[in-house]
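Scrolling down, you'll hit the structures one after another.
Each of the next two complexes has chain A plus one other chain: chain B in the first, chain C in the second.
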Partner chain A sequence: MPISSLEQQGAPVATRRSQRTGTRKQRGNGFLLPALLFIAFMTVYPLAYNIWLAVHGTDIGNLLRGSSPFVGFDNFRTLADDQAFRHALLISLVFTAGALFLQFTLGFALALFFSQPFPGNRTLRALLLLGWLLPIVVSANVWRWLLDGSYGLFNAFLLATGLIDRPAFWLTDQHAALTAVILANAWVGVPFNMVLLLAGLQGISPSLYEAAMIDGAGMWERFRFITLPQVRAVALTVLLLSFVYTFKVFDLIFVLTQGGPVDATTTLPVYTYQLTFTSFAFSKGAAAATVLLLISLSLSGLYVWTIRREEAS
Partner chain B sequence: MRRGAGRPTKWLKTVIGCIVVGLYLIPVYWMVVTSLKPEGDIFAVPPQVVPFHPQWTSYFTVLQDPAIRRAFLNSVIISLGTTAFTLCFATPAAYALARLKLRIAGLTILILLVSQMLPTINLAVPLFVIFSRLSLVNTYTALILANTVFALPLAITILRPLFLHLPRELEDAAKVDGCTQAGAFWRVILPLVRPGLLTVGTVAFVLTWGELVFGLTLTTNENMQPITVALSNLVGLYGTRWNDMMAVSTATALPIIVIFVALQKYIVSGLSAGAVKE
Partner chain C sequence: MTNVSRRTVLKLVGATAAATMAGWSSQDARASTTGTAVTLNCWDYWTAGGTKKSADEAYAAYMKANPQVTIKRRTIAFDQYKRTLLQAASAGQVPDVIAVDNSDVSSFAALGLLSDLTGRLAAWSGAGDILDNAWKTAVWQGKRWAVPDAVNCLVLWYNKKALRDAGTVVPTTWDELRSVAPKLTKKNQFALAVSAVQSEESTYQWLPWLWQAGGDVPTLDGEGGKAALQIWKDLIDRGHMSRGVVSWGQQDVMNQFANGQAAMMVNGPWQIPDLTATAPKGFEWGVAPLPKNEQEASVIGAEDLAIPARSSNPDAAFDLIKWLKQPAVAKQYVITGNQLPSSKTLVDDPYWADDVVRSVFVKELTVARPRAYGEHYLDISKAIQLAIQRALTGQASVADSLAQAARAIKPLLRS
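Our next item is the complex of A and B:
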């Protein structure tokens, strides 16, 4: 029974072999092999194929035959000369920076608040996480409705409080759309930042605060000289991680604005998608995707390096 | 933070907390409330904060649409399939990475960590081409395989520390009692990490249920679309039928809300597992 069950898990050959020869290593490889093969075929190979596409002249005609000519860096050169690509890169950076600023500041404020003990703390904190867990398509749709120019709740609130005197068409106005998209993304991202920062705050030894209080340090001084320096390392990893996750956001923008109006919210992932699935410019799309991948990988690399260094110290 | 706060200030913080969380959840409230309003009431000025004529009409309307029912069914199949697939691949792999000193372990863990952070679009395009060649576009297989790409590394990341924490003597004892290595894994180790398996299962389900990009790129046939894709298509179709739109949104969110209420502690620890430490 156990063996047959394991067979369903895809580890039969090595399990039997290990019973014969009995070395630990082969057994381990047998357990690990299915997952490794999966990653090799479904993650590493597609990424490599993407790069292959980027250095070939692939179009809708020769895509499935796979007989496209090698063109070297031509696609990247076309891309570099393309105004739309440079614009997408800029929009991506503004979107990420704006969303990160909001998510991090609000997340940190919430983390500080929830690091204090009070009745109902856990329950309230848990409720906040709902915004993070909802399918992005759902959240984006709700925000589309909230930000509606004529009947949206957000405008109703702003008009009633006198913050604006005329309804703003958040998602269809070229100057407002990016702000709107940043706002919606921050709503999704705040709980994530809060959870991680709170974990960081809870890791600070209470004895530090006790010692500071004996020395007569006030609230601000404790925050400035204990909380901030102690939470700095965690804050850095949270920022890096948030950057990686925000830079690749696609679904939220796709539902909210489809990258519009015109190209006001066309970030690099949206631009890549449009090149590939709307214009069918597969190779140019793959080149854009490669740039996106390189940016993501370098930041993930930086993130991994940071946590490794932190663990070592 | 320790402060010499007395009882009244404690409760004051609870009140502030309630206000903050209440403000944060306005979009969720507005979604549900809008879905219960008749068409005329959605456009009321000023907006009706509490619906004057609550009704279920929108839910009946949208759930009568066979395309939407089909999309829900597709999402259930894809999400459950991905969950099962992920558990089968991740559990032995995490065990191997925790127990055995493999030369490739360090590299594997690194790859797992990085692959969780890949932009979906980078995989969607090449997977579309690969699946096209294999005639797998518009199949559950393609969508389950694609979704596993993100669920699997996270699952291994969640499970590995749990195996690390189990004392090695457990397996040794099982083997003395006549268990094979596989038997020890199946009968002794797995039951001990059951909460972890539950975490992995819920996280894989939640991730897949909300996934859009693979659904968008790996299906061209409306019959195979998950609910996320159907919902994003309604943007053009429904126009200003916001009550119907919010009914579909609420229905899409419902499984997640239920899981969230029932299994909250499992999901949160799981989803943030990959983040702070590997």
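Our next item is the complex of A and C:
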């Protein structure tokens, strides 16, 4: 076949193809539309509305009557001067740090344990996951009964083993209450940490350990120089996700203590809820929610930045 | 082949959607133009038990009697209720009848969520049959924004065996309570259980004591307030009431009582079915009025029914409410819901008046007061909760806790 005829044939083919890619692209956009709409309505709109509320003066008098005045950063300034807000922020940080420390270390220890083959491994692992799968309201209520001062199982155990000599009122005592909610949250969070870290551990090539053993590395050295660096990326992900989940925990605390006694467990989300639905200070509540969002966002930013830097190097 | 079937499916979906939309619009058109077929959207948070059943049955009966009306009931979990309502109201998509916790009526009215029923109520003969103290829960700024539904109040429950074993009778005054408390306290048994958790439940439970002592919310840090908080604190400090009360809701209080760990408790009529179900076999209990001090007092709880300000069928909604309040209908409704009637006729009905337990409740209802302190009530209540908890956990003295709360409450009461 002469070249010219090929070219002649080729030309229309190319045109047709470009037409087809065009329609395919359009069709692709069409398929994207539901997802975009979903995100727009379920994520972008509430976020935008929240920020709108945060810079307006919306309260019980004008939420439904309209005409909320624009107040700029006034709500944030009021919050900064609000002793209850600062207290809630502090409680939130202590709660998150405590819960993260507990659930990460315990989760990691369990992941190491389950990465070794032993009979019943899978069954036990599945059972451990139950805690994470239970609705929070259920586990929170169970913890409330366990931790109760007069009939709680937790006290019975501590008394029987002689660790305490008189019943402790975990949810009633100003200082014990925060510890108790941290404990309960860690219990819920451990399986999540464990599963992700276990996946990370299983991703490490056994040949690395074999090589290290031939080189005479002991257990600690294998852990320190192979396991830790290899799970670093997963661990970072786990920590970040746990932070975001824990920082915004509301239901668990609300069921356990309702933020009490005397606001001892009133974290930022609980405080935000009270501002909005007890005081009807909608804009102030939205401002507090925005602070909550900014803290989580900045941590996510830090995470993305770390991961990028790591991938680049 | 696949193309054809996909197209067929799409066509079908499209046809169904079109049909559904057509159906909706024609229904709406009928409702608004001729007034014959009406759909009433009714929202409440009665997700389980007797109250859920009572509303289902009453609505079914109403629809049977009024075939042109379709009631669409939506039950929303209590903790989501306010949020859902406010969201709906901001979007202009309100239901036609809503159940409102009677302590929330003034704040809902202040929000502009409710329609003013004062005019409609003036023209309704049934209004006079509703208890005066129940009406007070529906008033804000001199106008009526709701109609009392079934009501409840708190009484003193006692474990008959525990009292027999201790050789005492049920206390009728604070002094008697103080003197029987030590006798009723033993290993694994406290004399009394109340709810002092950081929520509306503790305010609800404590207000009767405040009123009994002659105090009131505007004079919270006066002698009455101090006496009312002191008696709770004394009971705890002397070991007659568990320190756990600070974390107990009213359901926990009921569990303590049913397990025999509290010889007496303060609680409401909605606990009757639960207590019957959870208490061990042969558990004997009785109820009595709350112990009085300067005077008798209890608190009136449960819901009022309101019509949202932008309801599309306010006339039909009001008709439903009026129908529900007819003594014959309300009787069955209140019985199924394990509540108390807000109707003067029903309070004297033998079902309540002649029953050994229920008569105590309806009698206590006559001294029950509303939590009618204006639209900032929840904030006021929060201050009271903190005062109760500060004093009971020993973080501050009774006087200091109340003084702090009184300072917080003062600006909230002005409306």
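Just so we're on the same page, the second predicted complex is superposed on the first by the 278 of 313 C-alpha atoms of A that agree within 3 Å, B and C clash if a C-alpha of one lies under 4 Å from a C-alpha of the other, contacts with A are read in each partner's own complex, and residues count from 1 in each chain.
What we mean here is this: a residue touches a chain if its C-beta (ideal position, glycine included) is under 8 Å from a C-beta of that chain, and two chains touch if they have at least 3 such contacts.
On a predicted model such as this, the values are computed, not experimentally measured, just so you know.
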Should the superposition on chain A be reported as showing a clash between chain B and chain C, or a fit? clash
Identify the partner contact of A:A286: answer first if only chain B is touched, second if only chain C is, both if each is, neither if none is. first
Would you sort A:G131 into first (chain B), second (chain C), both or neither based on which partner it touches? first
In the superposed arrangement, does A:F254 touch chain B (first), chain C (second), both or neither? both
Applying the document's definition of touch, where does A:F277 land relative to chain B and chain C: first, second, both, or neither? both
Per the overlay, which chain contacts more chain A residues, chain B or chain C? B
Identify the partner contact of A:Y151: answer first if only chain B is touched, second if only chain C is, both if each is, neither if none is. both
Considering only the touch criterion stated at the top, classify A:L163 as touching first (chain B), second (chain C), both, or neither. neither
Chain C region in steric overlap with chain B, selected from 45-53, 153-161, 315-323 or 369-377: 45-53
Chain B and chain C footprints on chain A meet at residues 63-64, 144, 148, 150-151, 254, 277
Any idea which chain A residues touch chain C in the complex? 60-61, 63-65, 144, 148-151, 169, 171-174, 177, 254, 257-263, 274, 277-280
Residue ranges of chain C in contact with chain A within the complex: 79, 82-83, 86, 89-90, 107, 110-113, 190, 197-199, 242-247, 252, 256, 259, 261, 309, 375-376, 378-379, 382, 385-386, 389-390, 393, 395
Please name which positions on chain A make contact with chain B in the complex. 2-3, 5-6, 8-11, 15, 18-19, 24-25, 27-32, 34-36, 38-39, 42-47, 49-50, 53, 63-64, 66, 110, 112-121, 124, 126-131, 133-139, 141-146, 148, 150-151, 153, 156, 160, 187, 190, 192, 195-196, 199-201, 206, 209-210, 213, 219, 222, 227, 234, 237-238, 241, 244-245, 247-248, 250-251, 254-255, 269, 272-273, 276-277, 282, 285-286, 289, 292-293, 296-297, 300-301, 303-304, 307, 311
Within their complex, chain B touches chain A through residues 1-3, 5, 10-11, 13-14, 16-18, 20-21, 24-28, 30-31, 34, 42-43, 45-47, 88-93, 95-97, 99-102, 104, 108, 110-115, 117-127, 129-130, 132-133, 145-146, 148-149, 152-153, 156, 180-183, 185-187, 206, 209-210, 212-213, 216-217, 228, 231-232, 235, 242, 245-246, 249, 252-253, 256-257, 260, 264, 267-268, 271-272, 275-278
